[in-house]
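In structure tokens below, several structures.
Two complexes, one shared chain (chain A), two partners (chain B, chain C).
Take a look at the complex of A and B:
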């Protein structure tokens, strides 16, 4: 009884706090926990959004990501370690296991010191590459902060990123400029799971401040190939976000003012952007949910979700989708050029149709389409496979049988004009038979007549 | 605010016009762009001077085996100097692609970069229009960096040469597919069907006419019905019933309705038929047929 009450109270508390769609336990790994005061605004903001933040040192003995085989935390925020690795409880394998169990990770890097080799090998697992010396910094002689980096040009001042493509939702856009001090750049492999969040401007390049200007052949990537913030969303929709500049999360930069060589002094929007970034990384935004899937014949009052259809049946399919935005589910809206597509497949799709929004409830949008089942019998499935950058994956598959016409469902022979000739032939044979029977039974011989003529 | 914005370009102009008066600026001088075709002599091929202030009016064409060479002398405030950043930046406004090629730069600012189509990423080879070639010169410190389009580079291919394309998988919408149905069965034009139906229908009157011509008649009908009225009527009736059952089977009945009806009518036909045929035999024996 008592635990029942406790559970109820827990549920109530969970409902009161606005929080991520996938849990509120956030573990922040700081090598030196003394440094946590540098980020006090970040902690306060996260706690205000309902996170249960625990800050641990990577050297801590009792630190464990898993407890009895289950995740002990929902999200992980890793600050760059100065030492070689993150300790025995945070090896790349542990971190990948954490992601495999749907845990989200935000990893911050810093160009101030060399990135540890453990982090580099973890990123390599995800096809995110750091430079070979792991100590490159992005500089741009056009978009730097003249107030804090007049000489070194390593504090980038950039606009918040717009949408990645015209068919991708923008989760990080808005007015104002970001200050990104000492960015450790990443380059991305060729994988659909990876997406850049913020790219360096075309005129930027990276170099190792300890070695001076690089020789042309040492430059791996320039301009927009250098990523300042990049993201990897695994197939299970677990998110791994890499932020190149840990300093941009510091209190100092949340409230700083910056000035580009050609601009005027403006306050940074780092704090707001940190909210957008952590919200996305910890699944407060860009999370989709399927509420209901329905398919039926188009006729009124047809059975819902039948297991069998006939070929050339006119069917209607609808799917209800919600999107999580910070603290509530709202109707999902497709980005401009994008389309939610339904496939009717047997091995390969026979139909691939765009689903149109037809109805909107308080928390969801109903997308629907109509089509005629193909003239091929077999086991088909209604399949919605909606995977997009920055959105959690939707994969809905409902299997149905598509059967032939039954013997009594074909058109009758009299309805086929080409068959009339045969039908007429049949009935004239029947008439002829009856006439023959009558003539054979009742005909008098005509032999007399023949004799007379002879 | 507006006033401030309006004065910025003016200030920049003034800064450019009066070096030293405002912040120092990077720039370049003695710049040339050359395209050397394979096999052509050292001085063969296209060569043009570049200016920092104005891009070339015509695009520079770079064919398959050609080498593009840009040379310049980097300057800070009109004095040659080694710049920290000296890039040839290729930019495509339409696709948003950009890539930089660093100049080989000496301490006296003399810089040079060479570029062939092999050095370009494959995405650049399939662009429709020419790309913007910028020269980017900048360095640490307070001097203003230089970034301006100096010419347009048209990446051409010999006609007939295949454009290499790159297939990368990205999550996004796919082309729609609409199943193409097989053509449904169709009948010939109704006129042709009716003509053949008329021909088939004409066969029955033709047969009847032929029989009548040969002397077919029903003269024995009254006598037959007089001697065995019931059996004849029932026999003929059962034959017609057979056809009726077949008709019902064709239109609505199933086999399980047809079989018992057939059994009943069959027995009736057998019994009445043997009586009726007995009467016919009687007529034969009487010499009437």
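Take a look at the complex of A and C:
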């Protein structure tokens, strides 16, 4: 509870300072800081959105992710290094620690050169896999840019991705095409924390340009199993985004025009997409917040959030949720055919109920449901466990005790019609005994008198 | 003039008064002795609640004091048996707590502010003083000799068999229950002797109090009907027996049913059926007596036999039918284990795992009762000589209690009172004969010789015992025995029964005392460093102490009502981490507590109880936990290099020895309890992290880790934190798994 409160306060403080819901200090790691001019539009866009961008070389001596045990930056944007690693202050361990402390990371890769082994082993910890030789490039003979890659077919031209599933919100959709030059492909493991943002088309495959066609058993994945952009949200909702093509962020591609083999020449929407992607990666979108959780007996004037209920009590539970969209909190709306569910559990759920939206404020939606507590005493918890791709996790757990009937809460004997027979029997015995005693005491002994008169 | 002035005091009505006064003074002294001999632990350690169960009683008493009687009655305890909770108000015997609550409030009313803890600590000694008085009353009913009662009271006051359960701080149900037991029997004897409704009703009243105080009330419930039944069989039916028994049964049953925990048991449980049966029987016998007055003998005989056969048939058939249909509960497991000592070991390991449920060793009888144990048969024999109604009671009680005391160690407690009665009867008879008896006059001698009906041996005049010499020898030896008895009782009490077991004491080489206070150290750490509702998992032995001292919710405790839940904890302790961790998560466990004696040589630790955990878990999950896996191929229970994989990978083993090797030079780690050398490497714990280890390593606390933030296995996460590189799965085996969204 205290933890939630701290998070809330953090969120509010952050909202005052910057646009992102979790702070504005952004560190960009470029191995060669000379190259930063290549991305000048990106820096300008980020700074315009309120980020406090500092660009450092990974070789820099002063570079430190933590200061006095606290994070020194809120977000990390890592450009692909050419050397083996990211330097002593950015080992995989540091990056994992950064995520464990709620820092967000956007990692860009490039198919131009081999990905460094340090990054590969970091991705392995997250269950994101690169090819064995770490230097593959995605090509597609149907969706390539005929203007810039007429020969190599390694500049993919793709539509912006729609929603992942019908019950997932789309954060990256829109009109226009993206140009993605020299993509380093990733494949995802089974982890539920991972989700693909942009998958390669079914006609795509990957190969190592220096080695030529690979043997069939060496092929890691093809088609839509290859990911161009993938996302990982840790259990504390820290975000890790992998962008396969660092070049797509360059100024050059922000303003380029592309032409597919079958289409006509169109300008790219890379700049808009970069905004969507960085906004999501740095928690400007898809951030959920629980404002208030209330539960009480359904009777009027009942105590709010009591710690103890009785079995078969009628209770009402409500949770207030807001969603952060770029610069403000708005009421959260469930996408499509998704449902927000409440569980009333002890070891296993006794109730699993859909929470219905009942009220909207300016910045939040109140979801609510009511139910009768189960006929089983114990320590139960109200649990809302809402974890969806691209939305930060909601895990609310409130422990309450469900007690048994107290001795004076049962219906009285005379209120139970079936008990009337027994009550009648009881009182008739008592009455009969009293009558017997009275008759016994007041009937005079007759025999004695008879004797006397005789 | 001295003899004459003494005569004034000792003879006539003032003599009676003097003796009465003396008796009162002696009884008060006995009560004071009984109380003071139980204070060893308070003087040596401090005013502290002992052992395990008393901690629950103490906690319940505090709840009663704070919340009043009605909330105590409806108490739902959400801090034990997480997440099931316990309907505590309805599943305990409230007599003990209510008694100390009443004492507390009376003292407050008298503006004597006494801490409730001190009342709880001193309750058992206080009631043992009362027990001595009740013992005097009971024994005085058995014998005409005034010394029998006083001797019995003195025995009861200091005999170790009773002291073992009633030293200061031993705040358990038995603390008041033994007094109630003895006093109820006294009232029952009184009722049978006088045939009075008042005494019968008083018996029922104290029986009700006893029911509210201890589960051992079943002993009374069966002993009194048995007494009546034997009297009936001996043809000793009388209206006295009828009145006292019916009064006791009707009122006592109603009274006992008022206790929520007992409820409808008296009419539904097999353990109570004998009382009901005898109640029916005595009605029939009374009716037969009534009929006999109106019918000629021959017809009456016929009627009687047919009636007996009919009622027996009907009653037996009805009982069988009700038992089969489930209206009458079948005999409980604890009951079966009273008849077959091997029963519990096979069917209910949880009962067998308690040391006080083990059969009694022979030396224990002498240890707990000293010379009373050989006076006991003599006393029973003397009861046979007189054999009035009350002596029949003593005989029955002795036979039953001797058997039960042989079956279970803890039932030595019920044997002790009757041993004191019988021994006092025997000893007082000896003393009276040898101290008081004067040489019989020739008249009585002549009478004795002419009486042909008596045994041949008694026909000759007895003269041997009247001599001054024989008198002094007997009296001296009895005095010696009594003095030895006192010395023995004091020694046993001081050495065996006065340790609080929460605080351990040992002697340093130089003879000074060394206090080992690890339990309280760990419990207070929990109390001060963990959130108020942090759930603690430990083996059930420590549940009450954690609840009482650390004030944290526990998964299982000493109220072993749910075998499955205990088996769950046993499974978590005895399985691999991968199996245990989901169990810990499911039960919201925050900390795990283990007791480890390997450093100090404290033998009562969890690894020595480990096989019981395995056995109890095996009872519920025979496929997943197997006792055989924890023994080596040669059938040894080992913890060293040659321990079985199941043993080495069990959570209990890992928690016990985690980091233990770092205390010793490489390869020299020694376990001082099991006297073995341990493996070089300390076991690796992935899902738990050490939170606290007490000074002498007796209590070790582990915090359960949260799920990994990045969704990895804990073993992988730990390996990553250590800087080990993860091996990449280079070659896929089998068909490739495609990811679908």
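Here, the second predicted complex is superposed on the first by the 425 of 454 C-alpha atoms of A that agree within 3 Å, B and C clash if a C-alpha of one lies under 4 Å from a C-alpha of the other, contacts with A are read in each partner's own complex, and residues count from 1 in each chain.
Just so it is clear, a contact is a pair of C-beta atoms (placed from the backbone, for glycine too) under 8 Å apart; a residue touches a chain by one contact, two chains touch by 3 or more.
Because the structure is predicted, anything quoted here is derived from the model rather than measured.
Upon superposition of the two complexes on chain A, no clash is found between chain B and chain C, which fit side by side.
The three-chain arrangement built by superposing both structures on chain A places chain B and chain C 60° apart around the Cα centre of chain A, to the nearest 10. After overlaying the two complexes on the shared chain, residue contacts for A:407 are found with chain C alone; chain B is out of touch. By the touch criterion stated above, A:399 is placed in contact with chain C alone, chain B being left untouched. When the shared chain is aligned, chain C comes close enough to touch A:377, but chain B does not.
Between chain B and chain C, B contacts the larger number of chain A residues. Contact with both chain B and chain C is seen for A:225 once the two complexes are overlaid on the shared chain.
When the shared chain is aligned, no partner comes close enough to touch A:288: not chain B, not chain C.
Shared-chain residue A:444: touches chain B; no touch with chain C. Of the two partner chains placed around the shared chain by superposition, chain B and chain C are both touched by A:165.
In the superposition on chain A, A:100 makes contact with chain C only, while chain B stays out of contact range.
By the touch criterion defined above, A:431 reaches chain B but does not reach chain C. Aligning both complexes on chain A leaves chain B and chain C separated at their closest CA atoms by 5 Å. According to the touch criterion, the shared surface of chain A, contacted by chain B in one complex and chain C in the other, consists of residues 165, 190, 192, 225, 389. Those residues of chain A that touch chain B in the shared complex are 139, 141-142, 146, 150-153, 165, 167, 190, 192, 202-203, 205, 213-214, 216, 219, 222-225, 261-262, 264, 312, 337-339, 341, 343-344, 349-354, 372, 374-375, 387-389, 416-421, 424-425, 428, 430-432, 434-435, 437-439, 441-446, 449.
Here chain C touches chain A in the complex through residues 70, 73-74, 76, 78, 82-85, 87, 90, 260, 533, 553, 586-587, 707-712, 716, 720-721, 723, 725-726, 728, 730, 736-739, 741, going by the rule given at the top. The residues of chain B lying in touch with chain A in their complex are 4, 8, 12, 84-85, 87, 89, 91, 96, 98-104, 113, 136, 138-142, 144-145, 147, 168-179, 181-182, 185, 187-188, 190, 193-194, 196-197, 200-201, 203-204, 207-208, 211, 214-221, 224, 232, 236, 239-240, 243, 246, 276, 280, 288-289.
The touching residues of chain A, when paired with chain C in their complex, are 92-93, 96, 99-100, 121, 124-127, 129, 132, 164-165, 187-193, 195-196, 221, 225, 232, 234-236, 238, 308, 346-347, 377-380, 389, 399, 401-404, 406-407.
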